[in-house]
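If you scroll down you'll find the structure; I have some questions about it.
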Amino acid sequence: MKIDKNQLGDINQKEITEHNERFDFLGCTLSKKGKDVNAIIKKLQDFQVAIPSWALGAGGTRFGRFGFQGEPSNLELKIDDVGLIHSLTQTAGAISLHIPWDVPTDYNAIKDIANSHGILFDAVNSNTFQDQKNVKESYKFGSLSNTSKAAREQAVAHNIEVIKIGDKLGSKSLTVWLADGSNFPGQTNFQSALQNTEDSLKDIYKTLPENWKMFIEYKPYEPNFYSTVIQDWGTSFMLANACGNKAYTLVDLGHHLPNTNIEQIVSTLMLKGKLGGFHFNDSKYGDDDLTVGSVKPYALFLIFNALVYGMENNPQNPYPAWMIDASHNIKDPLEDLIQSLEAIQEAHAKALLVDQKLLTEAQLNHDVVKCQEILQDAYRTDVRPLLEKARLNSGGALSPINTYRSLKVRENLIKERGANSVASGL
Amino acid sequence: MKIDKNQLGDINQKEITEHNERFDFLGCTLSKKGKDVNAIIKKLQDFQVAIPSWALGAGGTRFGRFGFQGEPSNLELKIDDVGLIHSLTQTAGAISLHIPWDVPTDYNAIKDIANSHGILFDAVNSNTFQDQKNVKESYKFGSLSNTSKAAREQAVAHNIEVIKIGDKLGSKSLTVWLADGSNFPGQTNFQSALQNTEDSLKDIYKTLPENWKMFIEYKPYEPNFYSTVIQDWGTSFMLANACGNKAYTLVDLGHHLPNTNIEQIVSTLMLKGKLGGFHFNDSKYGDDDLTVGSVKPYALFLIFNALVYGMENNPQNPYPAWMIDASHNIKDPLEDLIQSLEAIQEAHAKALLVDQKLLTEAQLNHDVVKCQEILQDAYRTDVRPLLEKARLNSGGALSPINTYRSLKVRENLIKERGANSVASGL
Amino acid sequence: MKIDKNQLGDINQKEITEHNERFDFLGCTLSKKGKDVNAIIKKLQDFQVAIPSWALGAGGTRFGRFGFQGEPSNLELKIDDVGLIHSLTQTAGAISLHIPWDVPTDYNAIKDIANSHGILFDAVNSNTFQDQKNVKESYKFGSLSNTSKAAREQAVAHNIEVIKIGDKLGSKSLTVWLADGSNFPGQTNFQSALQNTEDSLKDIYKTLPENWKMFIEYKPYEPNFYSTVIQDWGTSFMLANACGNKAYTLVDLGHHLPNTNIEQIVSTLMLKGKLGGFHFNDSKYGDDDLTVGSVKPYALFLIFNALVYGMENNPQNPYPAWMIDASHNIKDPLEDLIQSLEAIQEAHAKALLVDQKLLTEAQLNHDVVKCQEILQDAYRTDVRPLLEKARLNSGGALSPINTYRSLKVRENLIKERGANSVASGL
Amino acid sequence: MKIDKNQLGDINQKEITEHNERFDFLGCTLSKKGKDVNAIIKKLQDFQVAIPSWALGAGGTRFGRFGFQGEPSNLELKIDDVGLIHSLTQTAGAISLHIPWDVPTDYNAIKDIANSHGILFDAVNSNTFQDQKNVKESYKFGSLSNTSKAAREQAVAHNIEVIKIGDKLGSKSLTVWLADGSNFPGQTNFQSALQNTEDSLKDIYKTLPENWKMFIEYKPYEPNFYSTVIQDWGTSFMLANACGNKAYTLVDLGHHLPNTNIEQIVSTLMLKGKLGGFHFNDSKYGDDDLTVGSVKPYALFLIFNALVYGMENNPQNPYPAWMIDASHNIKDPLEDLIQSLEAIQEAHAKALLVDQKLLTEAQLNHDVVKCQEILQDAYRTDVRPLLEKARLNSGGALSPINTYRSLKVRENLIKERGANSVASGL
């Protein structure tokens, strides 16, 4: 199924008058405050978030999985799904592949499909946290950090293979998420594990094409429950420095201990020019992988405030790779992703409204009350008209979720793919 | 210093046109959605939050305290401060006294002052977490739970004394916050401590005047760092049931372990008719006692959603007593309280916008995406015009913080009281 | 495979001299301190912990599972595995079945097998957190709490069926662990969910045979990541009270928010006569389900201190049902369970060494330093000789893990069952 | 008061026979396992922990302070107190001064007193978290990170002054604990605050005498409750690298987010040669500053396992500076410190018992069960006889707490100093 521009236009038309009223009123208010509304909308239009190929089917927990109907059973269909989201939101202009779940058989065909949807290939993701069929070495006790040289070499070779696949598709970066660690005190030697990891990463790094980047993800726990080799940003940052200029830290919102101040980590990494990638999701307890903005929208705003600041003030930091990394256990995955994209752009828009000049002034005056007022003034603004306008400008839907439903997208997918179609992957 | 209605009117006048535009636009939008805007504004006007007498001076931490100027050095001046806040916000119509820091010498005079500001006396608070001068028994090892009968009796007697003082002022409830617990494993016998506490509470409860309530607060840790006798809502609820119909649980937002779902606790207590009081503040790490809404405004909204639901659907639960319980370490305490009140009313207003009928319907359909859309639609609305209108209707300021500053309230207080005036109390 | 008493005897014989020396020295030391060593050993011998039928195969995480060889593929083989553990440790004298994974086909045959190993049938466990094949109603949105009456009735009927199965095997209790909850704010109405759960539990409770108990488990999160209907001991306790005298709270060590003081919860429940069952495991981050005692052995000791105290001083509380509830992702499940049993008995033995009389005295004197010394004196004692003696007295192995390895139990199981045998269940 | 060697000898004599039995039995057992018992005891004797000058009086919380009697009211008496602890434990051979609370008036006199007790001067601590009397600039909004250049310069100058004072006493290191941070989102610019801190630290570093070290402490929160400039080891490590070879990270056990794997941080820092100092305490909830080993003794053992491993295998890391940093709210501070020292040496001794060769072998074999057995075998050993022997060899007390009490040390101090003597400082 593909969404037709005309269909979208017709549906948008029904709400356009109300949208215009909302937008005019807000735009006027913001202009009076000195905001360049068009510049803000332009930034919203330019902001594109990659959808990971594994996010298009229902997820699960260790206690089981409740399936969803009409899931995409191969890479082509997954790209189609991202295309559907993108045509509605105009914010999902990229897909992030997971190898070996998504190895293309015909590269040109895959690229053509993506092209037809206006979808790029973002970072490629390796998988050394599971044993694939017919592999020689098991990752049960680690991959890049394994005490076994053979296991490490297999994991390095896999990452190099992933780079090659990504290169053929036009990807420009590799994301390494390492589940390596231990479940019990004493199980591993922390220093050997770290040293092995550094050596393995360097081996992968050496094969990186010239204009590529390597993103090193960190996570404090899960699936290992005593220690994780790359447990925090400090470890990732240290490893990225050891690898070289093209290695960066990747921040995933769910990969932090309780109460971590993530926006401060973002600021530090951007100051040092080492924030390479960013994974969006939300959570209350651990790495819950919930819809972005569904639990802590103010924290998301504060993080965007740090990101927007960094993008404007830290030329030493490259433009980061954005991706949603959530799990859709009980919602329609496409609706869930649309809600995530909306929450991301909302936080983004509000961060763009922060009056940085006034804020700096208040900070210098130690006027704490005023600092808070400035952030809250931006956050309390209802920015939905700006998001609508940005989508409208780019040819998307005024109301993506409503449009998705009125177009009966899921029903059509089930008709096309069958009720029991299951997404390939985990 | 007292704020003159005419002064307020003049300042409001300057912003009234813009306010009217904002309010009209929002009111119109909400009316189209079927909301009764006047009813919502009425509810905002009726909502009054008590200010604790100890919140009017600068707080501190165990590492020290940075003073603030022009603090109120006696009870009369504290009531004046609440009066100032109330005249600006029209939401702070009560004061909550702490005994022995605020024992009146002349009850009638105190009541007259409060009356002149339109301030009521809310719950009175006992203090058995510190040793006052010249007391016989120390609370170093507990008060109501102490193994020493003499210490328990002294603590019970103090609480009864507090009730008497409150009664003379027109208070109708006693809040018991018990710091009792232990710092080290083995230090206390959990069962004896709990039993002693239950017995002591019953002794206090017996003396409660007919139309009074007793609020039992809970807290997992601090100032004791291994165990606290009343560690959670379950313990408080059990004790309240043991005492009788007039005993209730009091929820303080900062008194929970990391990641606790507080709104669920609120719902359970209201279902069982046992939510008596509520203390507002905000926090990121522990009982940080920060400005309400400054860190987790969405959580505050979700809690208000539960409170509003309970107030409308649970006649078995009495109308709760509201209080701000924050500490003002680096802000002007009065400005801090104004920001807290604003955040409370913002969350309140947004909760009032939740379409409960649609929500119930979506819940019954297991339409999780829709449920989220309904909550987020309410939350994303910029409700500030409603708050302005409510204040305006009640004779308050359109912009309390700005008005506070343009009236140079703090400067005047310093002039009247001196720069080095220190709030009585802790 | 079955372990022969003679084999055990031979292996024990090699270490008996050293054991005797260790035991004599410790026994002598303890006797001098006034301890009745034989009474302690008797208590250790009497202490039996149920093994859940799902713990005999390798577990996994949502990121995958690394299999183990020689797993028991049916109920008969699972009972054999428990028999192996019991013959070595003499502490695993019961099995706890999970329905529908372990429905017997021939009850008498199953009972005979269990009998031959000296194994009893402990609490039976229902499963309403997954959809079984060919069921009519899905539990995707809850079971006992579901807004759908049909789903609730199916879940109630399943629990009643589980009771019947258990009754035929000689079980005397039902454990209800409810995964019900929500992933997103607004998804459920907390009050309806709680009320539905209470009503459903009462329906199950009504069918409970006279001498049975119902255990209500609680858990703050996972597999739901925003709210869980029975989120804490307070909720479970409230529901147990609503059901009646035969309903109790069940405590699982991993089911608590960070930093919860579990021993205090245990003490409160025993004081109120409502601690019915107990699940052992260990964890660092969440419900990690690690080997008992592998991460926080002192916390385990403190909990046992509360349990031993309660068993000796709270006749109002029934003797609790003990079970290990861990997941064995990277260890041989049988070795893992043996390590857990050893850790449980170690904590138990140390708790039995606490001088309760001296402790009470020190508590009354507020001698905090002394209280700590008394607990630490017990904890610092190397009690392994007592555990050895208890096992020896009961016909077990001096060194269970070493004996398991020298008897090549796993190798034999693989030979008998094949390398690719997978445990039935999740 | 000073403790006489003869007094100690007499008291020890009464227990010597039993000690000898215990020691002989354990020594024999360990020797059979191939342990060099004398070498272990030598290491215990050599291990010396500094006592901070502020730990000798009763601490408190923000809710108040319950005093203790006979506290040392000046620096001379504080050194005497450390002398008392050292003579009993032979493990407290150093004092760590806090400036400006402990500025000596007569350096030679102070050094003579310390000398007479066998006490060295360890790291000196600066204080920029409080405003001292008569200072020009306030630290209310930060010190080394302050946006105000004058405040930063004052803080830098203070640190340089502290180095000079320490230098005169023979100290060789400066500990910088920075409370700088913010209480509210937006209050500070993370990047400026970090940059200012780096620049200030470099200014201090430049004045460091040749053979000195600078320790940079980190802490996630408190006294600031939204952000802390040096929030984690990664930030401290980055700053230490920016300063140079003589700058190191200091780890304080209480300064971590919930569930942090501290032993892994220790291992990483030692691998990189950057672990400079270590502060001991214990906690359950936050930076509770409880007696070492009173809550999580196994975690302490695992940390010591990492420390012992690093000291033996990481010549790139200097020998760390050890200090106790606890608060004594309800215990006699001297007894509390003695309990802490005992717990430290216990964990140290157990870590020395870990069979590193066997452990490495098991790690290489991925024998997770065996790895755990090896650690637990060491941990479960009752090492108290080793600690006694070490103290005995060095001229200390067999039972420090009992001896402290039988010598009526506190009673004597009260007699000498008066009941109301209060420790100088906070």
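Chains: A, B, C and D, in written order; residue numbering restarts at 1 for each.
The rule we apply is simple: a contact is a pair of C-beta atoms (placed from the backbone, for glycine too) under 8 Å apart; a residue touches a chain by one contact, two chains touch by 3 or more.
Just so you know, these numbers come straight off a predicted model, no measurement behind them.
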Moving only from a chain to one it touches, give the least number of moves from chain B to chain D. 1
Could you name all chains that are in contact with chain A and with chain B at the same time? C, D
Which pair, C-D or A-C, has more C-beta contacts? A-C
So the centre of each chain is just the mean of its C-alpha atoms; given that, what is the distance between chain B and chain C in Å? 43
Centre-to-centre distance between chain C and chain A (centres being mean Cα positions), rounded to whole Å: 40
Specify, in ascending order, the residues of chain D that touch 2 or more different other chains. 140-141, 183-185, 220-221, 226, 258-259, 261, 284-285, 291, 294-295, 330, 368, 372
Of all residues in chain B, those that touch chain A in their complex: 22, 25, 29, 258-259, 261, 284-285, 291, 294-299, 330-332, 335-336, 339, 346, 368-369, 372-373, 379-382, 384, 401
Note: in the complex, chain D contacts chain A through residues 140-141, 147, 182-192, 194-195, 220-221, 226-227, 231-235, 237-238, 257-261, 263-264, 267-268, 270-272, 302, 305-306, 309, 313-314, 359-360, 363-364, 366, 368, 371-372, 374-375
Can you check the complex and tell me which residues of chain C touch chain A? 59-64, 66, 129-131, 138, 140-141, 179, 183-185, 220-223, 225-226, 258, 283-286, 288, 290-291, 294-295, 327, 329-330, 426
